[in-house]
């Protein structure tokens, strides 16, 4: 299955110095988000993965994960079963004013 | 909140006609506005449009918090401070703008850094808080101070801007709080501020204007709000969307079931960062 | 456009530091800005934030178009006009604000109604037009005037606000034009203006600030823009999104294959509506 | 098939004095947008349909139709074959400033 990761709010700087999207084939046929995180880390698909992902089940403080524009917490976080055409977004929380 | 309530004068009907005729506002909504009070924390990039639009809309009383003076590099985005205001206290410059736009508004100046020693008392005097700050520590502080009020949670309209990006949300009543969304503060080295990263002034305008719209709805007594959602704006790519946030977390230390936080803490200590965007990291030996 | 190009002074490096450090802007982008010129048509609800943020950002020259004077009912949303400006020409009030924010900017005042007799000449003097108007006729006029320029199409940053709603898009280069999106004008009775329907001031702030962001990107020479898309903001429901628009229509009378419109027409006649939001319908006997 | 119509930019006033969404069952199993328009008109599902729709294949000047946040013109307008979960939006173009 093809997976699309999106980066915004400054999370773009974690990948290819400003890349907005990353698309790749999932190794699992029915991956959970944790499987996606594991694959991304193992294959080094995101340049600065440590800026965003803490572990296969968690992200860094200050980072939100969205699944189709809704907080992943509404879908059981890393346990969520990713579907076709789902968009997974990393949002860096801003603090400036 | 227990102030004497006044009604609209005839000139005010003319003055506010363009919002009075909105069914969601009307005379009741406008009268709510002229009798309301708002605390604007930070008179910088976000505070300027918030102050301008709420003063113009007829909010009755303002509290302004800022301990800074106007600097040349501020004028690029802080559009109510003029060239001639260089060196003037930001709260004074902002107060002048309020009076120029709305001579009947009251203005209370807090030329200080809001912190654990004064936040509960300052916040308690207002119907709503608009978070226009530039640092993480004060965002936790305001969140906790609004929640821990004796007479019930005070609505908090939160905005942030950096580079070309903006984010806005509202915390009130039974919604999640800032600590539900951010149980742990970010690592200091992962936080970029406007001095280091830069910011586009007009992006501050987008964020502040959305904040003002949200504040106005709450103060007017309109039911709809951004509460439970967040608006994300990317000015560089001209994309914008509204996303859904989590509900109240049962394990939240502030608003969760156990209510572990019962009073304000040392937020600079908690975050490992200072309460302004100038001297960022602290050595916590 | 063929003006002598100046470089940044040392104080300007300090002044614009927060946007200079953005990689997309930098010294080249800022120098583009200080050497650029923008025509703001309409110094009302949308024009005010556009003027403030572009002046603060360092745009070198402004043309301001408006034939109105400041009225009490304007201050509710037109936040650069103060109580004391009541009765003053809007262009004069706006020019003062520009000078207060940026004393090195040039300002050219057009205290008139822009129409078919003067639009081509006025528009030709600027690098970009920001449509902050309040009526349909002038929107068609500006669209055509920007497209029909001898030296090539001038970018048009278009915004509109009504009640709690805002819409923003950009027309430039090879994108569709206003006539592609609206081949026929709406029926006069289906058009509501701010006098009749009302408008929230802060919503004008959101729209104008987005317009300013788009104008700034184009003037600085940044490739990304809203062109080909439209931002829709619903302030009451706190929802916002970016939608995709059609490309250039081959059958468009202005920009399509046959280019049927080669000169400006009578837009009041064409729309059946006046070129302001006061006397709306005309009797076209 | 269930169809959802959305109203924004002032188009809300055409239905139930401010209703944002209208959901109903399509009579066709695989409707085109023109079939949806015809059904809406015949069943009087939108209170003030004449404010939005000119004919089964066209809308009033000043009204945009979006299919999943993109101009219907990108999808062959009224000939578009509506899919499950598609959102059809009427947008009134604003002119105030």
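When the chains are written out, they are named A, B, C and D in that same order, and each has its own residue count from 1.
Definition applied: a contact is a pair of C-beta atoms (placed from the backbone, for glycine too) under 8 Å apart; a residue touches a chain by one contact, two chains touch by 3 or more.
Molecules present, by chain and UniProt name: A, D = Ubiquitin-related modifier 1 homolog.
In this text the structure is predicted, and so the values were computed from the model without any measurement.
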{"item": "Rounded Å distance between subunit B and subunit C, as computed from the means of their C-alpha atoms", "value": "29"}
{"item": "Gap in Å, rounded to a whole number, between the CA centres of subunit D and subunit B", "value": "38"}
{"item": "Multi-chain contact residues (two or more partners), subunit D", "value": "none"}
{"item": "Where subunit C touches two or more other chains at once, by residue number", "value": "163, 194, 197, 199, 204, 237, 241-242"}
{"item": "Topology of the chain contact graph, where touching chains are joined (line, ring, star, complete, other)", "value": "line"}
{"item": "Listing of all chain pairs that touch each other, if any do", "value": "A-B, B-C, C-D"}
{"item": "Touching residues (chain side subunit C, partner subunit D) in the complex", "value": "42, 44-47, 131-136, 139, 159-163, 165-167, 181-187, 190-194, 197, 199, 204, 232, 234, 237, 241-246, 249, 277"}
{"item": "Residues of subunit B touching subunit C in the complex", "value": "11, 14-22, 24-25, 49, 52-54, 56-58, 72-73, 75-79, 82-84, 100-103, 163-164, 170, 194-206, 208-210, 212-214, 216-217, 222, 224-226, 229, 231, 233, 235-242"}
{"item": "Of all residues in subunit D, those that touch subunit C in their complex", "value": "8-10, 20, 51, 60-62, 64, 66, 69-71, 73-74, 91, 93-97"}
